[in-house]
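In what follows, a structure is listed as structure tokens, so that the remarks can point back to it.
Lettered A, B, C and D in written order, each chain numbered from 1.
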Amino acid sequence: MAGSTFGNIFRITTWGESHGKALGVVIDGCPAGLSLSEEDIQPYLDRRKPGQTSISTPRKESDQVEILSGVFQGKTTGTPISLMVPNTSQKSSDYSQIASCYRPGHGDYTFDAKYGFRDYTGGGRSSGRETIGRVAAGAIAMKILNQMGIYVTAYTKSIGPISADMACFDREASLKTATCMPDYNADRLALAYLEECMKRKDSSGGVIECIADGLPAGIGDPVFEKLDANLAKALMSIGAVKAVEIGDGIEVSNATGSHNNDAFRSVNGKITKKTNHAGGILGGISDGSRLIVRAHIKPTPSIFSPQETVNQNMENIEIAIKGRHDPVIVPRAVVVVEAMTALTLLDECMLNMTARLSYLTDFYQK
Amino acid sequence: MAGSTFGNIFRITTWGESHGKALGVVIDGCPAGLSLSEEDIQPYLDRRKPGQTSISTPRKESDQVEILSGVFQGKTTGTPISLMVPNTSQKSSDYSQIASCYRPGHGDYTFDAKYGFRDYTGGGRSSGRETIGRVAAGAIAMKILNQMGIYVTAYTKSIGPISADMACFDREASLKTATCMPDYNADRLALAYLEECMKRKDSSGGVIECIADGLPAGIGDPVFEKLDANLAKALMSIGAVKAVEIGDGIEVSNATGSHNNDAFRSVNGKITKKTNHAGGILGGISDGSRLIVRAHIKPTPSIFSPQETVNQNMENIEIAIKGRHDPVIVPRAVVVVEAMTALTLLDECMLNMTARLSYLTDFYQK
Amino acid sequence: MAGSTFGNIFRITTWGESHGKALGVVIDGCPAGLSLSEEDIQPYLDRRKPGQTSISTPRKESDQVEILSGVFQGKTTGTPISLMVPNTSQKSSDYSQIASCYRPGHGDYTFDAKYGFRDYTGGGRSSGRETIGRVAAGAIAMKILNQMGIYVTAYTKSIGPISADMACFDREASLKTATCMPDYNADRLALAYLEECMKRKDSSGGVIECIADGLPAGIGDPVFEKLDANLAKALMSIGAVKAVEIGDGIEVSNATGSHNNDAFRSVNGKITKKTNHAGGILGGISDGSRLIVRAHIKPTPSIFSPQETVNQNMENIEIAIKGRHDPVIVPRAVVVVEAMTALTLLDECMLNMTARLSYLTDFYQK
Amino acid sequence: MAGSTFGNIFRITTWGESHGKALGVVIDGCPAGLSLSEEDIQPYLDRRKPGQTSISTPRKESDQVEILSGVFQGKTTGTPISLMVPNTSQKSSDYSQIASCYRPGHGDYTFDAKYGFRDYTGGGRSSGRETIGRVAAGAIAMKILNQMGIYVTAYTKSIGPISADMACFDREASLKTATCMPDYNADRLALAYLEECMKRKDSSGGVIECIADGLPAGIGDPVFEKLDANLAKALMSIGAVKAVEIGDGIEVSNATGSHNNDAFRSVNGKITKKTNHAGGILGGISDGSRLIVRAHIKPTPSIFSPQETVNQNMENIEIAIKGRHDPVIVPRAVVVVEAMTALTLLDECMLNMTARLSYLTDFYQK
């Protein structure tokens, strides 16, 4: 199946494996006339790089992006933008261990079941490095959204039992802390918790939240292409995500209607809501209030503790996974969540431009 | 946007509003040679009908399905199957109330924001009746999956604070109880809780779980078209769903890797897992164990309690929604969750048939 | 495969067989706010009805269209428009002949080869009646295009050796003559030719031309989704079409560049072309001049002359096809060509609305 | 619009401009297990290279392809295959001429009309170099088709008034001659004709024919996704193609049914046809006989003769296009036609694998 494409009008196709020659993405459907250079994209890639903090692997991945097409004299031409990130430091060291057995919590076994064999070096296509293309494309979507007055921000909401205190939300903190928490205090507690995990040769899960401001009411669709449905797919397509919530999310199942309904109020001739349990979406369509989504990330499956598994000769064995691995996936996935949200929102905004007959007649008769 | 289509190879397109002449679905891509009559579909539609229990509205919706095309001499021909359910008892009674104001928790406002106006009778396209097409198409997907050895079952996991005890899971109970809980005792407790809600002029949310057995390992895709991503979209596209979980779902964010990883074991020359925290999906691809997904459903937004809102003249008003409404959406949505899961699985199984070169050469050279 | 859907943003899905209960189409992605009733659609369906002239079968097909959804208070709501045409006069008379053998020039054999069996009554899904859904949907596309200032017209260019004289093009004639030729004289000659064909128990092919005026420059796409590529697919998807030409079409292969290139001229500050060999498309994108496409239609395969063929027992036999059949397909296909062209143009115009960044920022920041 | 993607299951996305850093293609949906290296692809790219004969420009384009992903240990993994061809010899010489005016017959004006500006170096995205991605992907499709027993061959049928004599068809000749004609004699005559054209500072059009053998009956779809419809789109999407024919093509419009119908015969228990006017397709589905399609190619629009046009200041000017250009596009487009046909056939064969219920149950229950 051709499953490496995302989006309808603003459509991206990613490619590349962890230890191949390069990874990349083709962005097709980007409007003409956007100023674009590598400098617009690189900062987002830098946010997902490892080797930057005590809780991420000290591997050095330079991950320098190069624009190969679609930009002329500093502006997008409307034709496909091809971005490439060469793999420079991926050494195919000793992969005999993961070549011959199925690591628990990884896709090794399911890849073999589907394709008959797999690229086992560094996880191949199911490596976290697969997200490079998403993040690079997301950077372009973000730049366009910003020019439309729409702003998307993701951050770490919790790591294991440690949650950020949203009362003292600090956007700067989420960009500076090792955990990407928007709260310096929670960051310190989470780092302590993660050190404990590492001592126990174990790993931790966590939650990423993403918000969008400036999204006008009316974006999305009432049935299968609900805005929340597409966001759910976008986030669940990120490796390690096992649950997605919109607004109050799982709490709605234990709530009552009188609590969960958001009252409408007219304020200065504009519709507003007194609360936002809905997370900015009603009936699959944005309601003009802040968009709120959350992704629950499972603990890093690669751990140093010994685990039971099976090798390719169908023998039951025990393995302790060698090498270096982060005790938590969350901080490096924050920018991926941001990217996937931005890609979804931009595509939906584009699709919305034909919702009314007057939009067409205005456009074609001016 | 053309948002009423779902699926790639087995593709359905639904149409119809709550109070229009009819609702329906076109199923395109159904393989030729399947025995099919209205009797295969009607039982699924009957499961979503209201007026059947103390907790659903006493409206009578006969919801009789008719096959209009695609079946010849009792078998599907491979061409589109058009199914129609006439709207017989939808009387356009007094809709002046909802015509002129935005009901909290409903899509009234967002429809107006998107399209400039809306069909306000009975909720129009965003009515729960929109799911008739999904359920009818799902019935066909279920029949095919069963012939492939795959079985999908959904049931109510909880209503408000009352959860089914999965230790005494009883499939029969879920088909017979008013709540669709697979546990007669929990059903009784939940009904009592819902009566309380009704007395308080309020409503309740709940959780639907869906499992699939017999799904072989290898179904799904590693990147954007992950099996879990498509399931998340399928379920989140059902009105009132605000969160979707796979396997342990939200619990993974507070779990450790040593707990969350499922150990592999070779048993009689077959790969199995000792636990199933993953809910049957690893790296976006099925692992051969039971598939487990959950949808969190918000409380019915239509409640008798007075609520603050705005009318179309942008005046702040208070409304108490008239008419009849269920205190909980969950029981009637169970078969919808089942249908959306079946539609997703069948489509993914079809897409999987070209995963290996040998599948093609075997098919075309025999 | 799900092959009954056409279009990206303005997307139609047709269904129905010649002798089933009904035929129909679901139009998804129609903008909200279009005035629409059955009266907008019926005249187009009437143009493809048989039993109207000496050269079409005297069968009576009333083909009354009914709108089942998507229209509220006389206007489209933005949700799917379901149109149905009941089959009233299709009597399953004696089909033993075509049930048991493969008619030359028809899809009987290929349907069996693909699906294992077929609906043989009246041609099933490959009957000309399949085009009802296309024409009904095309009527809506035409209405929208007209409001955008774009006008599409198809007519019979030739029947067998008889061509319309384009020097005396008369739009009225094409709507009134039995042949749909825009030239009363050619019509008379063509009718005489067709009578001859009928006497010889034979049939004739012909050419349909379609033009569009008012299409602005800039519609289409440079690579796979070229405007001409999509028009070619649209027209070649009509049964019996065996060749499609754009502008000078096949003549370009024997032309020289100095002849074939259209010179540009600036006239009153507007770009025009001195000639239009290109038929209004350059590099896959409309150039603002008249769009010109042609479809070559094969002779009606059902003829009274005896033909050699094979029956389902693989015996070589001879058949003379019974019943009534038109000596030429062309006149009834004219409105189908018009519909497919309109559907293609509208969809492309919609897709064009995100071609430049300024289109988005203008739309979202006003 | 995202218009650089072609195919459903075997899906390619091309990118790159004539004078950018590189051109390339991402092939997604290629089955796992195919032996693949650059050596499989390079020969096809070499067939479209210029600078090889007296009738193609002496520019040196090395056009070396590199596989960047999707292949592991010499076999495809089922994940996206990224192919890149660096632009090595494209010097941005003096483009002031084409930067400031619209070349007749080229897409310069329509690009500006759509996107607001254009990459004018070497034609940008609408250069013939855009086809590199198509040809590279087509090579992979060809290799798979061959393993399925399906063989695709394209050749030059005519150049201007000179046609190959199909009675003495010689596959070798089409690979060796400068014109790609399968007839050495016609090649000589055509070369003489082209020299004349060049002397007159003019260019010529021509016809490419493509045949496929071994395609089983049953491939394709009855309505919008007819095999011929998809082939028509595939070929018309190649720059300079202005008409597409299937089988007898344009001749059907002047034929009679008794001539045009192909009689069926049972030979050794197999259905065959006595003639093949249909070109191997009936009712949109392959009939098991040879597939025959033709593309009519317009004359090279770049000619040395002076032409009238408009510059970007909207002034009427006269230009004579400088530089080097081939007097005919046809020979270099032959392999492109072959590639697009192969891509279409492979995708359709894949889509056909779910046409019958028994195909699914056989696949999943073995």
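Criterion: a residue touches a chain if its C-beta (ideal position, glycine included) is under 8 Å from a C-beta of that chain, and two chains touch if they have at least 3 such contacts.
These numbers were taken from a predicted model, which means no experiment stands behind them.
J.: If you tally the C-beta contacts, which comes out ahead, B-D or A-B?
T.: Top pair by contacting C-beta pairs is A-B.
J.: Find the chain most remote from chain B, comparing centres computed as mean CA coordinates.
T.: The chain lying farthest from chain B is D.
J.: In whole angstrom, how far does the Cα centroid of chain A sit from the Cα centroid of chain B?
T.: Taking the average C-alpha coordinate of chain A and of chain B, the gap between them is 26 Å.
J.: As a quick test, compute the distance in whole Å between the mean CA positions of chain B and chain D.
T.: Roughly 45 Å, centre to centre.
J.: Which parts of chain B, given as residue numbers and ranges, touch two or more other chains?
T.: In chain B, the residues touching two or more other chains are 1, 3-5, 8-10, 14, 29, 32-33, 78-79, 114-116, 125, 216, 222-223, 351, 354-356, 358.
J.: Contact residues on chain C for chain B in the complex?
T.: Where chain C meets chain B, its residues are 1-5, 7-11, 13-17, 20-24, 26, 28-29, 32-33, 66, 68-70, 72, 75, 77-82, 84, 114-119, 121, 124-125.
J.: Where on chain C does chain A make contact in their complex?
T.: 8-10, 29, 31-34, 76, 78-79, 144, 147-150, 216, 222-223, 349-351, 353-361, 363-365
J.: Per the contact definition, I'd like the list of chain D residues that touch chain C in the complex.
T.: Within the complex, chain D touches chain C at residues 1, 3-6, 14, 102, 104-111, 113-116, 125-126, 130, 158, 160-161, 197, 200-207, 216-226, 228-237, 239, 241-250, 252-266, 269, 271, 274, 278-279, 281-288, 296-303, 305, 307-310, 314-316, 351-352, 354-356, 358.
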